[in-house]
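Following this message is one structure expressed as C-alpha cells.
To keep things simple, chains are lettered A, B, C, D, E and F as they appear, and every chain counts its residues starting from 1.
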Amino acid sequence: MARFVLSLHSAPSDHDTTQRLVKFAQACLTQGHNIDAIFLYQNGVFHASEQLDLAADELAINTLWQQLHEQGIHLMLCVTAAEKRGLDINNTSVFAVAGLAEFAMLASDADKWVQFK
Amino acid sequence: MINVLVLSHHSPFDDLHIRDALDMTLIFAAVEQNISWLFSGPAVLALKKHQQPEHIGLKNYFKTIRTLEIYDVENIYVCEKSLLEYGLDKHNLLVEVKALNYQQQNQLIAQQQHIVNL
Amino acid sequence: MSTLHIFSKPLGYYNTDQLVNLIQPTDKVLLLSDACFAIAQFRQLATHLLILADDAKVRDITINQPDHSLSYDDFVALTLATSHSITW
Amino acid sequence: MARFVLSLHSAPSDHDTTQRLVKFAQACLTQGHNIDAIFLYQNGVFHASEQLDLAADELAINTLWQQLHEQGIHLMLCVTAAEKRGLDINNTSVFAVAGLAEFAMLASDADKWVQFK
Amino acid sequence: MSTLHIFSKPLGYYNTDQLVNLIQPTDKVLLLSDACFAIAQFRQLATHLLILADDAKVRDITINQPDHSLSYDDFVALTLATSHSITW
Amino acid sequence: MINVLVLSHHSPFDDLHIRDALDMTLIFAAVEQNISWLFSGPAVLALKKHQQPEHIGLKNYFKTIRTLEIYDVENIYVCEKSLLEYGLDKHNLLVEVKALNYQQQNQLIAQQQHIVNL
C-alpha cells in the first residue's frame, strides 16, 4: 500500500478545493493507503484559523477537518507560511504547528505528493 | 441616480469572485442606483443553467442569480464572443441577458460613473 | 515515465504555450472543478482527457466517452499509475 | 475638492498593494481631497484580523492603518464578505463593521471610486 | 469621456484580446507594481503608457520618456482627469 | 536522496508565491534532498538584479535568493523563452542559472519524484 502526503494551497473561501481534498483523502483511506500528512501551505494556512465560522448553508469545513483528525490523519500547518500571513499560531484548531523541514522530510519519504488548489 | 457597472471575468468556482460580484450588484439595486453587470470570459459559465453545487456540499448561489430579475436588475450583459468560446447561447442561461460585441461593451463602459472589477 | 497534469480552471488561466510543449503524448491530463467546463479547450493538449465525474455532474456537463469519466477511487489509482503529478 | 472612496481587494500578504493604497490616500489628503471611506472587500477583509502580527522586517501594516484612522479616515469592513470568509467580526481593529449598502451609498455620492488589488 | 485602465501584473495575467478591443485611443493606461516590468508588452494596448515612478524605481526599471513617469500626486490627478477607472 | 522540483510562474510581487517557493527550495536543500527550482513566465523577473523593494517598505527577499548559492542549491533553472520575453539574459540575473528549452524542461521533469507548483 502506498504512502501519500497531500498539501492544500487555497484559502477556506475556496470550498470547492476543500471538498475535493477531503474526498480524495477518504478514497485513499478506503483503498488502504496511508496518508502521512495533510499539510496547509500558502493561503491554505487560513484553514487553521480558530475563528473560522461559516453559515449553515455553506460547506461544513470545520466538521470535515474534525473527521479527518478523528481518523488519525496528521493535520499540519506550516509555521513559516502562517507567520508571513499574520495568522495566530497559538490557536490552530485540529492542526499541529509544524516547521517546513518536518513536512519536507515526510514528503521525501512518501510515494506520492498530491497538491490541491 | 448614477450608473455603476460590475465586471466579472472569473470562472464560477474561482474562490468567491462571482459571489462577491453578485452581492455588489444586488446591493446597488437595493440602494436604487442604475446597476449593470457584464460577464466576460469564463465568468459567462456562472450563468449556465442546471448547475447543482449542493450535490458536493457547496452553496447554490445560482438560485440567487435568478433573483436578480425579481429585484429588477435588468441590465445583465454578456460578452458575445465569450458565449461562443464556451459553447453557450442565450437558451442555456439562467436569466435573460443581452449579448454585446466589443463596440457595444465600449458604449456601456462610456456611460458609467463607477466601474468595479470583482 | 509519465506525468499526471491536473487542472481546475479553464485553459485561459494557464500559459498554453508552455503546456503544449511540456505535456507529452504518454502523459495524463485530468480536469477538475471549473476545468470541466473547458473540455473542448483542453483537447488541444491531449486527445484522451480524464474528467472527475462528480465535478462534471454538478456543472451539468455530459462526458461523452465513458472511459474519460473518473471516480475518486480512479483519481487515487491514477496518481499511483503515473510517476508524479503537477497541479497547475 | 473631490470626494473619493477607495476599496482594497487583496489580502494583507499582498504588501505591495497595501503600501500603494496608503500612499495614494495620503496624496489625496495632501491635495485637499476628501476620502469618504476606505472599504475592505473580497480578500481585503483579512486586514481587519485582530491577530495580524507580522515580523519586524515586513511592511508595518497595522501602523499604517492606525495612522489613517488617526487622520480621521473612515475605515470600513464589509460584513458580508467577512462572514463568507469566516472572519471574526467582533474583533476588527480600527475597522468599522459595515453593510454593503452603507458602502454603496457612499460610493454613489463620491466623485471617484478607485480599486486597489 | 475617457477611461483610466490600471494594471499591476504583466500582460499574460489578462485577457489581451478583450483589452485590445476595450481600450480606446483617448483612454489612459497606467502601469503599477509588476506591470512596470512589462512596458514592452503593454505597448500593444497604448502608445502612451503611464508608469508609477516609485514602483518602476524599486524594480530597477528606467522610464525612457520622462512624461510617462508618474508620482502619487500625478496618479491622484489622473483619476480626476478621466471619467472613471478600471482596475484590471 | 530524492529529486524534487519546485515550479514558479508568478510575478515577483504577486502575493507571496515566489517567497513560498523560495522557502520550500531552501528547506529541501536543508533536509539534503536533490532540489531543483524552475522559473517560467513572469517568475523569471524574480531573478532580476538590482531590485530594492525596501525603498517602498517591502521585504527584500532577493537577498535570500542570493543565499541559495551559499546553501548549495545549484539547480536553478529558467525557461529560455521566458527570459527572452522579458528582455533578460543571464548577465541581468542575481544568481547563476541554467537556461532550458522545452525539451530540456521535459527531461528535468522526467527525473523528478515530486513536483510542487507554488
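Some observations on this one:
Definition applied: a residue touches a chain if its C-beta (ideal position, glycine included) is under 8 Å from a C-beta of that chain, and two chains touch if they have at least 3 such contacts.
Since the structure is predicted, the reported quantities are computational estimates derived from the model, not experimental observations.
When you average the Cα atoms of each chain and compare centres, the chain farthest from chain D turns out to be C. A rotation of 180 degrees, rounded to a multiple of 5, brings the CA atoms of chain A into register with those of chain D.
Farthest from chain E in terms of Cα centroid separation is A. Taking each chain's centre as the average of its CA atoms, chain D and chain E sit 23 Å apart. Inter-chain spacing, taken between the CA centroids of chain D and chain F, is 33 Å.
Computed centre separation for the pair chain B/chain F is 38 angstrom, with centres defined by C-alpha atoms.
With touch defined as above, residues shared between interfaces to two or more other chains in chain D number as follows: 11, 13, 16, 43, 58, 84-85, 113, 115.
Within chain F, residues 13, 15-16, 41, 53, 56, 58, 114, 117 each touch two or more of the remaining chains.
Counting only residues that touch two or more partner chains, chain C has 12, 15, 33, 54-55, 84-85, 87. Every pair of chains in contact is given here: A-B, A-C, A-D, A-F, B-C, B-D, B-E, C-F, D-E, D-F, E-F. Residues 1, 3, 15, 17-18, 21-22, 24, 83-88 of chain C are the ones that touch chain F when the two sit in their complex. Residues 2, 4, 16-17, 20, 23-24, 26-28, 30-31, 33, 111-117 of chain A are the ones that touch chain C when the two sit in their complex. Taken together, the chain A residues at the contact with chain D in this complex read 11-13, 43, 46, 49, 51-55, 58, 61, 83-88. Contacts from chain C toward chain A in the complex involve residues 6, 8, 32-33, 52, 54-55, 71-73, 75-77, 79-80, 84-85, 87. Put simply, chain D touches chain F in their complex at residues 10-11, 13-16, 19, 57-60.
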